[in-house]
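Multiple structures follow.
Next, two complexes with chain A in common: one pairs it with chain B, the other with chain C.
Showing the complex of A and B:
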């Protein structure tokens, strides 16, 4: 059996000067090619966990870190985020704050220049990631002139140019309009399905995340309250409600129907599943979906 | 540059290499400060104004510099003309307040210097994109960490101003009075803008720092490559040499032979 790509082992962390543990005894593995969704209300520790996985914690943000995080065999306590950049890419919530340069191509090239790639290889990778993220026509534009979705795609392209095995997306759609949200998650899905990139997705909109994740974790006050498959996760409506996590609309409809006596053994969580469920109910097919 | 001052044209000035543009800005600005003689300053200013005119810079851009030049120019003229006690009293304004004969050329010199600095900057921002500015500095052997700092300032300035304006408008929409109140009250009210603005800005800095580290940036210990290496032609090198030489010559003439000076010992 192959070892996991990310191993979070009994991880606890509290920020310098804080009494409260932002993370407590967090333990989970992520396998290569997997999409892991992390859910939880604000202040649950999601962003802290993301920053532990690429070494920003404890190197940039200091504090008391116990337990360990291993990423592709590297312990993040001993490896600086700059050295993990070619293994883990990270996309932050607010696209505008993470741009360094004033032209899309310079922004994408920045990371590759940092790791010392020759200009011809930078050009080659640049073309590839622009194509992957469908940004070819914006190559020379300033990122600030792009739409929210395009900006996040630039951020994704900048991380991808370093060819990481893992892409951490920390609420990448929270400031985007519906079109932008779909654009970003479609790219994430493609990167995972076509290029086997492992994705850690923190997302408030379970509706969007449900379609892409292989496994989900619910964090509450820094502790893992639940981890399991999407059907186990979205089937646990009480937990999601208790933790303030919105249900996908199709799950909510399915849950409502089941409470009214419809024979639903497994709640749907994607549009396709919801559509199949309604179709079966409308055709009087009372067989469980 | 920040605020989109760049004017996309194919003029000779645009075609200069990035380091030449940086040297142009530095040398013309320093020349203006070196020379005290208003006749020479006027000559430099006229040359730059002609250069600026040839660029056909939109009024949207040039008006910002024009307005700044006018407002600061008036303040500068008043302070230098009425409060510079150089030479002999020429005209009595009030009891004890005179206009001195050498204050007039000195004031003119200061005005021309100011306008030269502004015109030189206007030309520079109209012909230079941010990336060229950074490439120019780099080519002139400025350490990359410093170039990156400049890049970040240019990158974030418009964003921070935009955010300031957004907070200001949001607070005014919530009946925050900023205009028809005494100065002290106004300053207090400004805190309602400054505090959230600072909090947002600090948060941005923190994200930016994380983004820079996550993209593998190290100040030392790892050789860095550059995607764009600016081309510097022979003509550019000659121009750079000429500008530096001119600056050095004027400096030598002023320091050791007293040229371009009206009032020794003054700026």
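Showing the complex of A and C:
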């Protein structure tokens, strides 16, 4: 078997000046081409974990880091951030806070110029990432004039231009309206399915995440409380409630019906699954127990 | 005769100095004690509209009356005693080093007497379940708690209208439930008018009693949540998708009126196993299982 693309091994981290461990003994692997969802309350350590995977921790944000994080075989503690930038891209909640240029094309080119790519290579990659994020027509527009979803796509394009194997998306949709949310998750799905980009997704809106993740982990006070497939995750209703995680409504419907004696062995977590389940329950001739 | 609406919007147009027309002719009445949600795409004018209520912005054309006062003739200080506006990001609003000072800030600004201030801070803290945190630095509170501090600092001034601008952004579900339940309690017990701008349709379905849908500076629908979520034409125009429970209900042909998972489950039980449903007549199925924190 090939080795995992990301290996987080017994990772603990405490911010400088803080008594509290933001992460404690976190351990998980991510294989190439997977979409991993990270769930948990605010302050559970999700963002800290993301920043450990792209090297922002401990390079830019200092503190006490124990254990290790390896991405594509590189230990993030011992690898320079600019070298990690071509392996791991990251986008945050507020895309605007990352923008510094006055045109979309310059914003996207900025990172490539920083790693010293020649102009023809920059142009070629620019065209490709504009196409991937469906931003061709906004190339010369100022990022500030775009909609929320388009801005977030500029952030994704900037990250993709460095050809990362991994894209970390830390609450990428929380500032966006419903269309913006769908735009961003559709791009994420396409990048994963068509271009084999490994994705780490932090998302409070589990109904959106449920459609795209291959695996999920739940963090609570810096510890991994759960890891497993989406059906294991959404099947564990008690855990989700305890950790303050929104239960997709289709899952809740399935759970409610099963409590009333309907024979449901597998709780649905996508709308299609929920719809199929109800259709079959309501057409079946058998009465619940 | 019915009491006059608390907020009366007539023929409202608003243009920003750069010429952008953000509101293009709106009429709206809001009555005391309502729980109203305003929904629609980013940039459709939701925030621009509510900022007219406390005078942060004033009509270019038309009028806004707040408890009978024309906002063009009142100061922000006067209006903010009636309409409290909680910003989208609590961190844009919080700047004191203790929770007490943060909540007292607005009161001091409005020259409330010292004895009254501590009393009001205490009450606002209790209503947002922040007791015992007077001396804490807001910076070290959780995101959900900081949000409640932001709301408490507005409530301390006893505004009769509370406006929450996207209170769910970046909050986890348990914090959303806590905040919305506290606001609902104020709404039910003291007729606090609540206006919430949100992209979260679960919040609309569970807490709002009236929904205003906006696109491009105009109101395209003003209806109950149940009517809103079954008006597919309006939902499509506003790029909104109804909660999963409502969508499942309409797929199953249950018609209108199902907004929550509990309602859907009850309805399925009636359809699927009439016997079981009848033996529990008069008793809600709701208490038989409890999934959500608010159940």
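Note that the second predicted complex is superposed on the first by the 284 of 289 C-alpha atoms of A that agree within 3 Å, B and C clash if a C-alpha of one lies under 4 Å from a C-alpha of the other, contacts with A are read in each partner's own complex, and residues count from 1 in each chain.
Assume a contact is a pair of C-beta atoms (placed from the backbone, for glycine too) under 8 Å apart; a residue touches a chain by one contact, two chains touch by 3 or more.
Quantities reported herein were computed from a predicted structural model and do not represent experimental measurements.
In the superposed model, A:207 makes contact with chain C only, not with chain B.
Of the two partner chains placed by superposition, only chain B is touched by A:158; chain C is not.
When both complexes are overlaid on chain A, the residue A:68 reaches neither chain B nor chain C.
By the touch criterion stated above, A:180 is placed in contact with chain C alone, chain B being left untouched.
Judged by the touch definition given at the top, the superposed model places A:255 against chain C, while chain B stays out of reach.
In the superposition on chain A, A:148 makes contact with chain C only, not with chain B.
Across the complex, chain A meets chain B through its residues 51, 54, 56, 59-60, 80-83, 85-86, 88-90, 92, 94, 96-103, 105-106, 109-119, 122-123, 126, 144, 158-159, 162. Chain C contributes residues 40-43, 142-144, 169-175, 199, 201-202, 239-241, 243-245, 247-248, 251-252, 261-262, 264-265, 268-269, 271-273, 275-276, 285, 288-289, 291-293 to its touches with chain A in the complex. On chain A, the positions that touch chain C within their shared complex are 40-43, 93, 147-148, 171, 174-181, 204, 207, 237, 241, 244-250, 252-253, 255-257, 259-262, 271, 274-275, 278-279, 281-282, 287-288. Those residues of chain B that touch chain A in the complex are listed here as 129-131, 148, 151-152, 154-155, 158-159, 203-204, 207-218, 222-229.
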